Amino acid sequence: MIGQDHIRRLTKVLYGAEIKGVTDIDLDRARAAAPEGAEVFDTPKALIASDHVQAVVICSWGPAHEEQLLDCIAAGKPVFCEKPMVTTEAAALKVIEAETAFGRRLVQVGFMRRFDGDYRRLKRVIDGGSLGAPLMYHSVHRNASVPEGLYTSDMPLNDTMVHDADISRWLLSDEVAAVEVRLPRRSGRGNDLRDPTIVLLHMTGGAIVDVEISVNVAYGYDIRGEVSCEMGIAALPNRPATVISDQHGIRQAIPEDWRERFIDAYDQEFREWIVAAGQGTATGPSAWDGYAATLVSDAALRAVASGEREAVAMIEKPALYSEPTAIAAE
Amino acid sequence: MIGQDHIRRLTKVLYGAEIKGVTDIDLDRARAAAPEGAEVFDTPKALIASDHVQAVVICSWGPAHEEQLLDCIAAGKPVFCEKPMVTTEAAALKVIEAETAFGRRLVQVGFMRRFDGDYRRLKRVIDGGSLGAPLMYHSVHRNASVPEGLYTSDMPLNDTMVHDADISRWLLSDEVAAVEVRLPRRSGRGNDLRDPTIVLLHMTGGAIVDVEISVNVAYGYDIRGEVSCEMGIAALPNRPATVISDQHGIRQAIPEDWRERFIDAYDQEFREWIVAAGQGTATGPSAWDGYAATLVSDAALRAVASGEREAVAMIEKPALYSEPTAIAAE
Amino acid sequence: MIGQDHIRRLTKVLYGAEIKGVTDIDLDRARAAAPEGAEVFDTPKALIASDHVQAVVICSWGPAHEEQLLDCIAAGKPVFCEKPMVTTEAAALKVIEAETAFGRRLVQVGFMRRFDGDYRRLKRVIDGGSLGAPLMYHSVHRNASVPEGLYTSDMPLNDTMVHDADISRWLLSDEVAAVEVRLPRRSGRGNDLRDPTIVLLHMTGGAIVDVEISVNVAYGYDIRGEVSCEMGIAALPNRPATVISDQHGIRQAIPEDWRERFIDAYDQEFREWIVAAGQGTATGPSAWDGYAATLVSDAALRAVASGEREAVAMIEKPALYSEPTAIAAE
Amino acid sequence: MIGQDHIRRLTKVLYGAEIKGVTDIDLDRARAAAPEGAEVFDTPKALIASDHVQAVVICSWGPAHEEQLLDCIAAGKPVFCEKPMVTTEAAALKVIEAETAFGRRLVQVGFMRRFDGDYRRLKRVIDGGSLGAPLMYHSVHRNASVPEGLYTSDMPLNDTMVHDADISRWLLSDEVAAVEVRLPRRSGRGNDLRDPTIVLLHMTGGAIVDVEISVNVAYGYDIRGEVSCEMGIAALPNRPATVISDQHGIRQAIPEDWRERFIDAYDQEFREWIVAAGQGTATGPSAWDGYAATLVSDAALRAVASGEREAVAMIEKPALYSEPTAIAAE
């Protein structure tokens, strides 16, 4: 489904890309989704190998990503991969190894929040330094509801919280050193779902991130973030909805879901990817970020079981991921 | 009704006053309202004359105010008078003449907004001067509803707008030189009522105040004010209601009516009056302000009939009203 | 300058257009601005006539627009024209006559606010009808500063206010019947400039729009709008800037200028134009809207001279402009 | 110092109390502070015993409170005691034992937040139930600065956090079952001070409170609170400061210190105490609440040392504290 949305984005919204080929486990679905002039490939391998394909977008399910990413790297082709990049630490390390051996970034992971205007402005304020060092970050993630049955008790940690962890690492320019999970009284709205959840991320530099996750809060999709610095506070604003005064008070609507909230971020994510891919490389969230997300998610699942503080042990950061990718100015 | 509320305020809320006597056209009502130990007088004249009475609060209907005020001034007793101070220009001039002849302020008029914390902070910002001179003031007055039948089409101008005119004069430290009235499309909610109304107050110093009056706007009692200065803007804030996020959005309740909105201002108004009256004088809105309100109200009624700009011609301001009253520090 | 910005937009940002030719009074400037592969034409006439050109963007100065628009219409080519569409009523009528004779909309005028997300959401709330009929609209237009010497005292009315007039007509789905202008005390920041300005737009349906224009207010580019309806209020929100708490209070930055405020609206304006032009027609603000802007601007200039209410007399609206243009869904 | 402020409050602001006697360790200071007509007692014991004294206000330092409270209870006199009620669990239990033996509430503890309008409205929303059960509470406590040298590293937990703990118990109508403390990277502004601090309060009913304490944040005194319920969120609003638009953005001032923030709450606290004391009893925060504060504070200090979850073990709640005190309506 998100694949079809990206096809629309690349063909109807954004400048600079052309869809040359499509594939899917269900080839009928691939044929239906393929825009005019696009070839339907039998397998991802065939698509990645095609001379007509310069760059690849992966929207398959998580366990399939490892092989597809390694094929793209082997072919030297830039690749955008929806999260999760991979599903195990071992797979993440293989992707990193292959990409560092190749010597240039090729992988971009779909953490779209980094392309959202609100988060970008927030980061500029933090990085600007006028408020001093960031010491605490309060990250709030609220879904109106989640699909009953399909959304299980581990998902607040390994599907939802990875966004908060990634944005925390990015906003604070830091890594997660350890994770704790605390479980408040359960919401009566979620049947057997473990919800809400509080996660404490202990950052390497000492800052603490407390993440409040509620996935069944009825009223809307509400994403909040507030960074407490030594000399001031910086926070995400209300969404720019019409200010209505009526019998419900003076009020602004809250987005219904992530599509409404992050639609511009998805566009911007691909806009920047197209530019980078056109230059044979990638930008934004990297394989390193995908690796970090996997480790934090694993640690969170251990922490919910143990009730203890679980360490996140990362390999030394390869030089490839230490510098921003050089993208030639347009 | 407001008289009973003031009795409660003076006996149960505020320090420093004692109710020694009460009167009313309906003496049974006076007897019912009188707190223990208070004498019920047959007439206002008798009450004002009593040696036990040091200061007077007038809550009778407008046309009765002139005589009662003149009696108080003749007796040299401080008097708090609910608005309108009087109902004709001639009456206002008589009160001013009597008070200036007496030589000390005795009259305080019930423009309670001047005692409201939000307005006082707004005035401090304007007077502070950091935003430059005030050039425009946008004053918004919205009632949820008005009593059908009792509230007539002149009342937005001579009952409601006088608050906006008084607060404009006070905020801008200026007088009204002329008035224009414009009538937008009528609200379908008000039967035959002329509503809403736009009033332009041309101030002597050149600033223009545009007043938006809606008396039947259903959703609440919403008082707004925004001063545009040469280098910035200062405005009344939202009321301090709980911020609720629910299916109606992120929102704050709006007061239901003027009692809820200005309850603290009424208390503060009397708190300061008690101190001034204890020193034999008055503070806050003066007979001069009551006179100005009468003239502006008259001009607005002429303007709605003529469609033209109607001048407000005031006498020269007596020295008595030029200086703030000296109230000894507590 | 805005022409170069549109070239960037059409070549680097948006999907669906290709720049085939460029011209300018200064041909050297045209050559410098032309993207690779674009022909530089000696005259607008030659460009418009070229078989390689399917649609035209006019960014020349106002007096040149009439002839260029008529040429485009004669050639049956969709044309985007920056405001002012034309500079006289007679010219506006000629454009309308030509386009109605042609029988299909070709002209789109550059009122970009109609493409801004905040205004669009505001209009949806009004049109939704839950607040009842709109009765008053308070439109505030503040510039941090204007170029000294270049920006003259008529420009708040014929350059700045046309945006407020257009957005008022659009938000209220109504026409301007008459205009009044009131001049508050002048700001000391503007030398001899007539600033600020209050404009009252009397709409045909009875609603009154009061426009507050300040073009030298130092602190930023601040665009506000509040619609008062029978049962509630709808207003533009604060811009989505980071919420910072520091020694200046709890605060959100205000845009510096119109580029920052409306950058997304410009993109969206052209995005929709490209789609419409690709179907041989136009969308959004029409020649009729350009005509209305000219009349309102003329009436405002008469009103500032006369001090009176100046009527806006429009011809009967041709059927061509009564219906939204049919644009095939993508 | 706070004693002098309470004398001012009782003599100049509030109705219903008269200061009959004063005492202090430094009798010269007592004489200077005593209002006209008030007796200066040599000892607290003498003051409490005096027939002229109906009710007592204790503003001495913490360790002196136990004896003075027990004397008041023995004399059957209502007593207002500034926090901390006492400094040890044993002392708290003695006070509770004496008061329950007496059989009527006499002790009111100075947790003034419960009398603040913002908190009261917040509690009404939670108790109203429309948002469902409260699951998490995010309580933020920020001081601009603390007195260097005098404010030590334990004080965020035993002096500052007790307010958050008390208001959490009150808002959620629950008790604290256990406490955890986490220490983020230290602020560079506080020399050797342990600041900021994160405290997790595990409530008996399962809700989790996360308290963010920063005592040196430079920009102001900023108290925030947000309750996450099953179906929505309720939060304290911005303070009602003038909305200023200038070069710093659109902004509202933040209070400088607790005096500015809670001045109305202190008045209201005493207003209600006077009524209750006049009826021979007490209202609001009780000896039970003082006992709970002592236990939570002790647990927090253990938790910062152990790094572990420290339990709060309370005795069974005496019936005396289970019901709201019956105060006759005025």
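All chains are identified by letter, namely A, B, C and D, in their written order; residue positions are counted from 1 within each chain.
Convention: a residue touches a chain if its C-beta (ideal position, glycine included) is under 8 Å from a C-beta of that chain, and two chains touch if they have at least 3 such contacts.
Just so you know, these numbers come straight off a predicted model, no measurement behind them.
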If a chain touches chain A and chain D alike, it appears here
B, C
Chain at maximum distance from chain A, centres defined as averaged CA atoms:
B
Cα centre of chain B to Cα centre of chain C, whole Å, reads 43
On a C-alpha centroid basis, what's the spacing between chain C and chain D, in Å?
58
Between chain B and chain D, what is the gap in Å from one C-alpha centre to the other?
38
For chain B, give me the residues that contact two or more of the other chains.
218-219, 222, 231-233, 238, 241, 244-247, 252
Show which residues of chain B lie in contact with chain A when the two form their complex.
218-220, 222, 238, 241, 244-254
Contact footprint of chain D on chain A as seen in their complex
132-133, 135-136, 138, 182, 184-189, 196, 198, 200, 202-203, 205-208, 210, 212, 214, 217-219, 222, 228, 230-233
Along chain B, where are the residues that touch chain D in the complex?
11-15, 117-118, 121-122, 124-125, 130-131, 231-247, 252, 330
